[in-house]
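Both of the next two complexes hold subunit A, though its partner changes from subunit B to subunit C.
This part shows the complex of A and B:
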């Protein structure tokens, strides 16, 4: 006798916890799209795991009615790696921020991505330490004045996507918190990717860093400041879609106006399937105001998945050598008793 | 109905916000009322004053005279293209000009605070307070989408708003 799984809705994934984010925080939008995504994946609630570190972003597991783990600062990728390796049947999401993921957690993030463990990592980038009330973060721009940088930051900021691509990420994407339709599509793509999916989300901290991504989120302005990536299509942007990106004779990217001898065929065409990450890295270096900033899927390639390979090795070892005896292993070799 | 979390203007009666998905049926704000107030309200509720401006080449004497005439504590300093390049405040007069009284004929640009922190109309009061705290400012220029100055708010504006709001909350509690 079989029982049909209940058809889940976003409301089924809402927890009973009081949301402690500030009013108008960008996190609400990301949470809403996440709750809309989960029912579409055809998995029962108990097959989801949400792991976070520390920060405003990392309150996320409390607000989703799945298994969750609010872990320690920067260690979510490491803990999630362990969870995924011993429970490959679970879909594991990692929620982190620019502080949690790129300051203290930089190392763990790098290795989780490098291994291509089947994790879905969402990095909420608000360019500030929000939970601790407004110190600068690894993604804060040079000159940013905060409580910990009263004369302006002199740190060179990191680009989350550059770090991910440099760590050989097999899926890299960027979206914006208030672009709900686009964010939803990116989360869908990430959920179905085999391997580590890394998503940077531009997220507005309206109390400590309001307007950091105003240029990329405000309707009427963002059209000239962001370019939507679509595989196989040229990079075109602008309110009138009259501007494009091409590679000039010096092999550098440049913004050009369409018409006046320049057609769409002269532009750079996006290829998210490119085996080499060079194009993805080049796109990730496009920064406002010199260039429109790309949003969408930068890279989506197939690579061996760590947890799959691990399970295959474990299976092979079991077939070859049997289940093993841990007690016997501990007592093998030279042992002695301390009296 | 305006969503209390993201500000989206929903059709009256919907159960969940169309933009962020938060339930609208029951509004149970966390945190104190005043905390909610300054986080939720944009600075437009403070009715930013039309800014008085000067240029980098105007004399300090003329700037001080303008401030005194209009009873304002600051002037926004613009360049030739109308872009905001600085702010000249009564504190600059006290700390930078007053010690050198023979500098009154010198240009404002020599004594202004360059590249001031600015805010936009839809920034929250909480953010404005934070920005003032960071820089020790009492005034913040308000700029539009093209970064052109269009207003000024002061700590006094926020204080007045909070006093009125506090009284309202006391009256309804």
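This part shows the complex of A and C:
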């Protein structure tokens, strides 16, 4: 019962490990919001598990005093899936990055999401490989000059949210590392979602890719470059909240100025509950600078959860066949006796 | 029992000790089914049996082609037997391609039964024959040949059931089986039951197959072509209750047993791969044992999920084969580094790369030993026979849990698919594994995940245990606390501790036994699925009064603690392996002896005769 629990604070979730991220790394902000979140969930400390792969973000589990696994590159969703298969009662968070989750671990990420296994996945997207000191990542833009692309990247980047939605994600959201209030609300939503919750966080690597997301994080600039998604509300943005997103006659999205015959009612209204993922996908394709980039919950729908279904199958088998009997198992099929 | 055939006027019954029969035909001809039914009725009758299914990797290679030939060899006997047999007494060939690829294994004077309806121009061309081998008197002269029009006879047998000619033709394996049942005086009852159960929803197909079976039987009984039929009395196996079991079944049952006896659920993560998939199939049916199976997106994920479940605190396992074991290497290394218990089953097959997916080989031993980055030791055990897989799967789990380490269990395609009678154990014979999980901190500083006991084993806290929150990972860590630690001396210490812990397993496994001479001229040192052939070869020589011993290793890392002493007692140590020499290298390196090797790498098990010859060359 949660009422018997001692009241926990963010401090209770701080481990005794020295933080080893670069000064002013965006990871600090995400960690802070995460530690604020956990005490609000009504679970004892031991019921949390944080699993990561390899990369700067994947140091995360060391800094949270829960059960934690700093595993191998790209495999965190698979390791976490194994954990959930045997311990559906634990709340398992997966911490990954754009290289870890989308490059070496793309396959595992896609399949965890497809299964809708009850994992909360935070993908720190900084569009760069930080731990290996500055190579381009699967989310780096074309033309990006890095240590491994001195003449500019010729790799077309992918959108983490498009991947998630294409993998049939039941919960998809985006936030920004320094937008603490927003990030906090998104983490809260993810924690309460049944099934895989996938969150992309724009995270600033101030050493190898500084300012990659200034357009989305700097006060005075971001207002024109991001649009907050709210269920049932029109997509409005801009410092003066005078611009909106409309679906035009060609069924394409366009930016329009409010006024001069265009009212809020003409705009696209967000529906995170839409059974069909096309709207979420359309929103995920909105890229800076052509469009403001949406932040918030793109999609939140109910669908069968893998670890719950697995448990149900085990329970049903137990009810149908009774607890496994070794003698019956050994003696299945034709038997004969030698005197 | 089969009494209905006895008083036929011109049919004799002769008794035989042992028979090797091989069914071969196109992949679509149902030869695996015919072979396994013959195995079943022979086992139920009380013969000792040993089988060698041999099928192509392609599900449907072009019909009638040489590549598409599928075979099933069965050795059934009134004696204790160890192998599916070197030479074939009776060959059933359903088409020219099958005849061409198998006739060399039929012994002189052996019985050849061919489906003569399958020797038209097209069939002959596909098998690369210019003219029909059935007209080649020189080719067929050494054998007792029976040309049987199986297509026509099967159609006759099912006449009136409304089957299409194509459907009727598909019954011809049952016709062949019926003929063989008559030839070897088998009671078809288990097959009747199987057919009725299998085709319960298609009674007309069940009826057709049973009629074809009876048709084959009647054909043997009535045709003049067959003058003799044979009886192979039951074997004198150790008293007890038996069933037929394959290695893959036995691995699955063994793993489920280990968990059940420990009162724990079992987690199995796997990715479909030949010839390991049947382990996944078997375990997925055992949900009522608390078995949770997870078909992962790839081999890497299966291994990673197994590591995750072990960290959560449950009995965890995976199985694979061929290239799958390479893919698992990375996460296996994580299992070694985090010192978590799990069993990795490697059903070895021909390599490298995709290699020979459906053929057997023993070429993953070095990979099991050394196939991970860094110094990454783990215990390795190997099963000797299909039934032994049951015991070694439990041993692997016991060692994993007792020593907090991943353990590799090596089997191979031959014992995985091969079947033998398995004496069903009494529950009391089985020793439950005791898994201990701390519930309280083990030091004044709190829970220290790498604080070891006197065998260097670390504690296994289950996730969710209050007060024992801790982090593990792939980075090098301080002994005791488990905190990340790059100190040079710490790394050396930890490397040695991990190696020593695995070496300590030697104290927890049985000493190596030896069959035949306990010391003398030649010790034949083998491992894995070659047990049967090597044991039979050594037995033959021992009965001839030769000074030969046989030690069959089931524990490959660490070796049994008395192995050095045992090797010392022989002038020559000969290591036969189905690879180019892997155990022999380990033996040479560890014991500094001039161990000799005998190798075969054809995707097929050893023949007893070639082993006898190889051993004799060292006497």
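Details
The rule we apply is simple: the second predicted complex is superposed on the first by the 319 of 339 C-alpha atoms of A that agree within 3 Å, B and C clash if a C-alpha of one lies under 4 Å from a C-alpha of the other, contacts with A are read in each partner's own complex, and residues count from 1 in each chain.
One rule holds in what follows: a residue touches a chain if its C-beta (ideal position, glycine included) is under 8 Å from a C-beta of that chain, and two chains touch if they have at least 3 such contacts.
Every value quoted in this text rests on a predicted model; they were computed, and no experiment measured them.
Contact with subunit C, but none with subunit B, is seen for A:65 once the two complexes are overlaid on the shared chain. Of the two partner chains, neither subunit B nor subunit C is touched by A:8. Touch criterion met: A:19 reaches subunit B, while subunit C stays clear of it.
By the document's definition of touching, of the two partners only subunit B reaches A:210; subunit C does not.
Measured by the number of subunit A residues touched, the leading partner among subunit B and subunit C is C.
When the shared chain is aligned, subunit B comes close enough to touch A:145, but subunit C does not. Contact with neither subunit B nor subunit C is seen for A:286 once the two complexes are overlaid on the shared chain. Judged by the document's definition of touching, no subunit A residue lies at the interface with subunit B and also at the interface with subunit C.
Within the complex formed with subunit B, the residues of subunit A that make contact are 10, 14, 18-20, 22-25, 28-29, 31-33, 35-36, 134, 145-147, 150, 178, 180, 206-208, 210-211, 214, 218, 220-221.
Subunit B meets subunit A in the complex at residues 4-7, 17, 19-23, 28-30, 36, 39-40, 117, 119-120, 123-124, 126-127, 130, 133-135, 145. Across the interface of their complex, subunit C is touched by residues 15, 17, 44-47, 49, 51, 54, 61-62, 65-72, 75, 78-83, 85-87, 89-90, 107-108, 110-111, 310, 313-314, 316-318, 320-324, 326-327, 329-339 of subunit A.
Remark: subunit C residues 40, 43-46, 190, 234-244, 253, 256-257, 260-261, 265, 267, 269, 286-292, 294, 296-298, 300-302, 304-314, 316, 330-331, 333-334, 338, 424-425, 427, 463-475, 483-484 touch subunit A in the complex.
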